[in-house]
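Below you'll find the structure, written out as structure tokens, and then a few comments.
Order of writing sets the labels: A, B, C, D and E. Residues in every chain begin at 1.
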């Protein structure tokens, strides 16, 4: 109890720091210099209608590469970590799922995957993008896992998709070095007409890679966790 | 008073509160899963902060579609950078949370306990 | 810290001469620091048993006379109390008798003493010690024997463990008779001794050396457990 | 040149494509990974080379083709290149080291491993703060993954703690970044530095959050339990990465981001460093787990580097040199130690003696530990020297004290550990060393040596001349397989050559009396004392390089003209002698106290030199004379270093056991030669400081009392010793006290006494120790009561000891009396009557142990097992008789040494001293004619002897037991030899003087340190949540500290 | 020529010492109401010992020990000026000063110790250790006294110290520096090894101590040394504290009186244990010595 009170005091301290942090906060009234540059020149420089996408994939594409790497690493570590090692207890006890879920999932999963694909292909035009799309795809697959716990999906396929998309992403980046202004420059294949599907240079390609990669990685994580499931 | 009560400030306040609640959970709960939840809350609070900072009153999302005039876009959209950043941050948070959960799972499998006080083999 | 034993005792055979050896005197196999082993025979290795040699008096008569006078005037007595007579020696030094007047002084070590007083009956066991002490004195040396016990055994004449005649075992210069002789008699004995020395008759040491084998045979005859070197330097 | 961006592209590409090989042959995956890492290393090395050869300017790399701040940019400059090379080399070596682990776990782990280094590379290069955050996250996630290379329960729970902690830290960083973006409008670090973030209220808090997060990444002392658990539980290969690469990178982040905070942050960083440095080194003392100790040490070193960083302004243009020399030393050495720890695979440092039979591993361990400690010739030594000197130059003595204190704590546990690795090993467990495990450590040690040479050159303090001894030592080390005979000849030849060059070619032409004398003692003595080496059989591994180092250290002392050279030589000599002592069978514990005291003393000396530099701005030794304001401080501090070496009272407790347990031919070296280094130092110090400074006139007075009491207590203790070497060792304390007393009299006669006595002490103490060692060589025992009667077996040794003790006791007609006589005159002229009386009393006490020495060894009955002993080996006797000849010559004709010394001293103390008339020396008090005394004595002795011989030509020679024994006879030599506890009545009367007060008080201090540390470290509860709380508390406290409130 | 004078002086000193010893033994006997030995008894004892016929040796040091011992005693004689103002009997005092004499005493002790040590008799060694132990503290007050008079006269030369005391009893150190004299005289008790400080060779418990094994000529040499040493120590004290001597008569009288003092004390007092005597010298005598330095 005393300890909790102490923690409470410490947290008050933290709160004070945060309050101080935003003591000078008045709320933006206008874009900052950099944001202004993005919004003003983004369409011309990157060709993406979605400025956030332009920032994410191109201006700060390097971050995105790191981000993808993080997910990749998480999936790899979780996969490695939760690898089922004991073979003597292969039969896992899993509860049955309800009929409703089972049936609904058969309808929903393909739609969700399709929607995911839509989201990342249109990432440069509308809200969304590779991460969101990938997450949607993964959600679909997770729904499938929940509905059909005994269904096995091989890690191998996931790995290959993951690797291909990852290498593809890096190669796209390198292409930027070779054919354009720098690493991850999207201006390697021409920007296309602003606002159409085939525009914004390499962004859709990169987003496809990202979407696939994120989808497969999240699925991989979920799969690893699922394989450890034992509800006995 | 009412001026202060705009969306940004509300966002900030909520963000800070969520951070504090998350920290409280992180620091006081003894259950490993609850600690992870605390951490996730902390994470989320940070994201709320980020998004609130990027918001500008009465403006729309930085997508240059029909709703936004491309020439006058800089006056119409909110800051895209925090949004881009928060995207990255969310993914990172996700990765870390996933890792934490898998650690918890493994720890539970080894010791059949979710009590954090049982994991003090190394000390001093 | 328990000391590590660096030797091994060799059990002696059962021959007659080894019968009275004490365990301390058994031969030992000793390990040297470099690891070699060799045998140590305590009786031979620890002691020098060269025979005593007679020492001729100074060839110049006058000098010898002078030295004899000096010897007679400076008699250092080894405090060696054997029998009841030792109690009679102590008053000698007190003011009443004051033997110092005659140059008689006590000495605690045989190395520096000239006179050994056997003060009474001598058990065989003590004889061994007496012989050792006598042999450790340097020549010229004198022996004075007190009481009838040293002359003929006295009241112990038929004892199984007491000697009867001292001069079978060591040359005696002066016997003081009595049982026990009083200090006055001792003083008289000293006078007699001094006279003998001055006359050049105090050659007991040479006598002992010359008749060494005879004395030794006598000693060994009565001392059954002879386990020491033949001559104690 | 290959662009830096390829570092990332290649790493990532390879990592992603490793997924294709998951099921394939793991050797292929590993090969791929290794190749990629090698290429990355090549890229960074190439850049480093370019920068080093000044062909390259710093470049910026823009991603996405846009200039910053609109896109993320990377920077490649000299600093980046250094750090990248460090990280990648470590990565490469780690990959080799972890070969079997990685292979066993498969491609997944290889990816993780690679990406860790990729992340660190980007963190170093990036100039965008959010990007930095992202890649920092990559490195922490990969680290979490690597922790579980071995799926131990400990590792898993510590990985969880690490996750929680690093999660909190990264959230703090993130909040800081976003707020900084809000207030500054940019994520580009250069912009942030230029912006006015600090002047906005929230902005400064944002900067605070960013920097505190970086600081927390450095695992500052109280908030670092999670890191320690990781160090302890992860496989040591990972520990190497964490401490070598991750910590290095974190430092670079701090270096990169610190400008944002501005100068106001320097002090807080420094204080954080101090707390880390002191705290973790202090707690390290209590640790027993090898990896955890390394963790503590890493954190301490990082603390030190933080201190250096915060002092960058004071260090000026030396900052880089200091920073990098210490950083790189630490990085190489710590990684090496972790690797060795992995090879040994034992948790407790007590079990490290498993390497006892692996000389290679011992050498490696030694090199790494000594590098960490900053002993010469390792690179951190130069770094520390520059650090301290530059700090001193700007007057930062608090910092100096802190740095040296922390280093001392570190020395305690590292050296204790080193001692433990050399402990005797009863456990016959065989240690299997795989090539790929040892290879990185070997490379690392080679790098250290190479870097040592480079730092020495860069420091500009060392001329090539100073490397000759190292070259010779290395050569001898390489030739270690040769038999001892040849190596001994080589060593003697080397020292002879050295002494020829120094003494004959340099000092004698210069007529530099002081240096001739000490050159003679140090080098000619060395030649003599190397002779017994011929009696040793086998190889004597490692002995000769150390001997050469020690003697060249001593030669370096007399050669030194600057404080740096002096300190270098001093440390080298200390180190070499420590290693020589520790070679002794049971010398582990005692050599530990030796080196601790020596290091403490050396640190004091260091501060003293720093103070002198602060005042005079010169590192010349002569400049000590110009110190006026801080004269007392400099004097005391430097003197303490010397006092330790001559084992004055209070700091003497190392000496007896060290002498005793060292090898038998090492003991004479240290006792008769090494301790003279302290005397030499004191002479140098007093010549430059006492003579010209009235301010420091009180200190000699105190030193005089210390000397007097040392003489008394040393001699008092000597008489109770049963171990013959210990007896002589304690007597050394006494004699050294005597010399100290002579020096501190600060008068012509006092100095004449002290200096001539140094020579004499060298002669007779070497003689005694050689004789004693020669006897031990035969009897194989050191217990004095187990000897006896050896005069018949070893008459020559007896003569040596007899001459030795007559000289020691100062009896006429031998030269020892010269010392006593001059001493009396000096004392009365100086007016130090009571101290003089104490010294005189102790001189008489010396008779007791002198007699004990000669009686218990040579007289009395001989023991059975010694009946067949031979005289000791001729190699022990040759130097003895050379020394005896020396003693006899100066006994007959002491003028040959006293007159030149007197002339030399007249330069400093004019108008006093001995007046020579023929062979008669006189002072205003008395007179003394050694030659005549010798003649009279010899004549008298001869006449008396002839008289005796005429009177008793014929004596019967008798055996040992022909003694009067109250008409009985002794049975055993042991019962007749009155040797054990010989001075029991004296003990009863004055034993209280010999009570071990000082030893006990030092032990009490040591124990208290342990107890305090034991209590403090309890706050590392092992609970991850508590660690998280620590972090939050640390943040709040730091905030309070910086802002003084909310 | 010097040698002849020196030998003459030595002859005088030995004879005087023997006579003095005899007389003192008679006086001691009188204290015990005895008549005692004849006054010439020391001569006879000495002659008898030199005339012992058989001898043995335990080894080289046993043989040389008495030589060392006697060298020590004779050495003190050789370096001591006997008669003030008489060049003939100043011996070799030009070779060394007071310090030399103080340290020359050790030679004899060492010789004795070595000889007795090789004799191998445990009692000898016990005696030696006692002697050395006691000697360490006996020397302390004496040292302080020496320092004190060295300060007083600003010289360490015995001749000059004596010279400074000429001109009547009021110039003696006894009068000018009574504290130093007191300290030195107390330590003189220990040096002479009469009771209460004779536990070294305590005849009843530790037969004779060091010389237990010595006999014949060896013993004779030790006795000769004892005679010389006793007288020379008395003469040393005479020179330092009692004004020296300008002719042999005064020397005999003063030396006798000084020597008589420890004998007298010894006749009256019982014996100290060794640790008691070690400590005793560190109490009163040392305190006196310190005072002597302070109040000089």
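Here is the rule we use: a contact is a pair of C-beta atoms (placed from the backbone, for glycine too) under 8 Å apart; a residue touches a chain by one contact, two chains touch by 3 or more.
Here the structure is a predicted model, which means the values were calculated and not measured.
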Path length in the contact graph (chain B to chain D, fewest steps): 1
Chain pair with the higher count of C-beta pairs in contact (A-D, A-B): A-D
Inter-centroid spacing, chain D versus chain C (mean Cα positions, whole Å): 68
Geometric centre distance via CA averages, chain E-chain A, whole Å: 107
Computed distance of Cα centres, chain C from chain B, in Å: 112
Centroid spacing, where centroids are CA-atom means, of chain D and chain E in whole angstrom: 54
Multi-partner residues of chain C (at least 2 other chains): 48, 109, 111, 233
Sites on chain A at which at least two other chains make contact: 7, 10-11, 14, 18, 22, 25, 28, 32, 34, 38, 59-60, 63, 66-67, 70, 73-74, 77, 81
Overlap residues in chain E, where contacts from two or more other chains coincide: 54-56, 207, 212-213, 216
Inter-chain touch pairs (all): A-B, A-D, B-D, C-D, C-E, D-E
Contact footprint of chain E on chain C as seen in their complex: 48, 52-53, 55, 66-67, 70-71, 73-74, 76, 94-95, 98, 100-101, 103, 105, 107-109, 111-112, 114, 138-140, 205, 233
Chain D to chain B touching residues, read off their complex: 130, 134, 137, 141, 144, 151, 153-154, 156-160, 163-164, 167-168, 170-171, 174-175, 177-179, 181-182, 187, 225, 228-229, 232-233, 286, 1017-1018, 1020-1025, 1028-1029, 1032
Touching residues on chain B, where the partner in the complex is chain D: 19, 23, 26-27, 30, 32, 35, 39, 42-43, 46, 49-50, 53, 81-82, 85, 88-89, 92, 95-96, 99-100, 103-104, 106-107, 110-111, 116-117, 119-124
Complex contacts: residues of chain C adjacent to chain D: 6-7, 22, 24-25, 28, 30-34, 36, 38, 40, 42, 45-48, 50, 80, 109-111, 129-130, 132-133, 136, 228, 232-233
Partner chain A, residues of chain D touching it in the complex: 3, 5, 8-9, 12-13, 15-20, 22-23, 61-66, 69-72, 105-106, 108-109, 111-112, 115, 118-119, 122, 126, 128, 130-131, 134-135, 137-138, 141-142, 144-145, 148, 175, 179, 182-183, 185-187, 200-203, 205-206, 208-209, 1029, 1032-1033, 1035-1036, 1039-1040, 1046
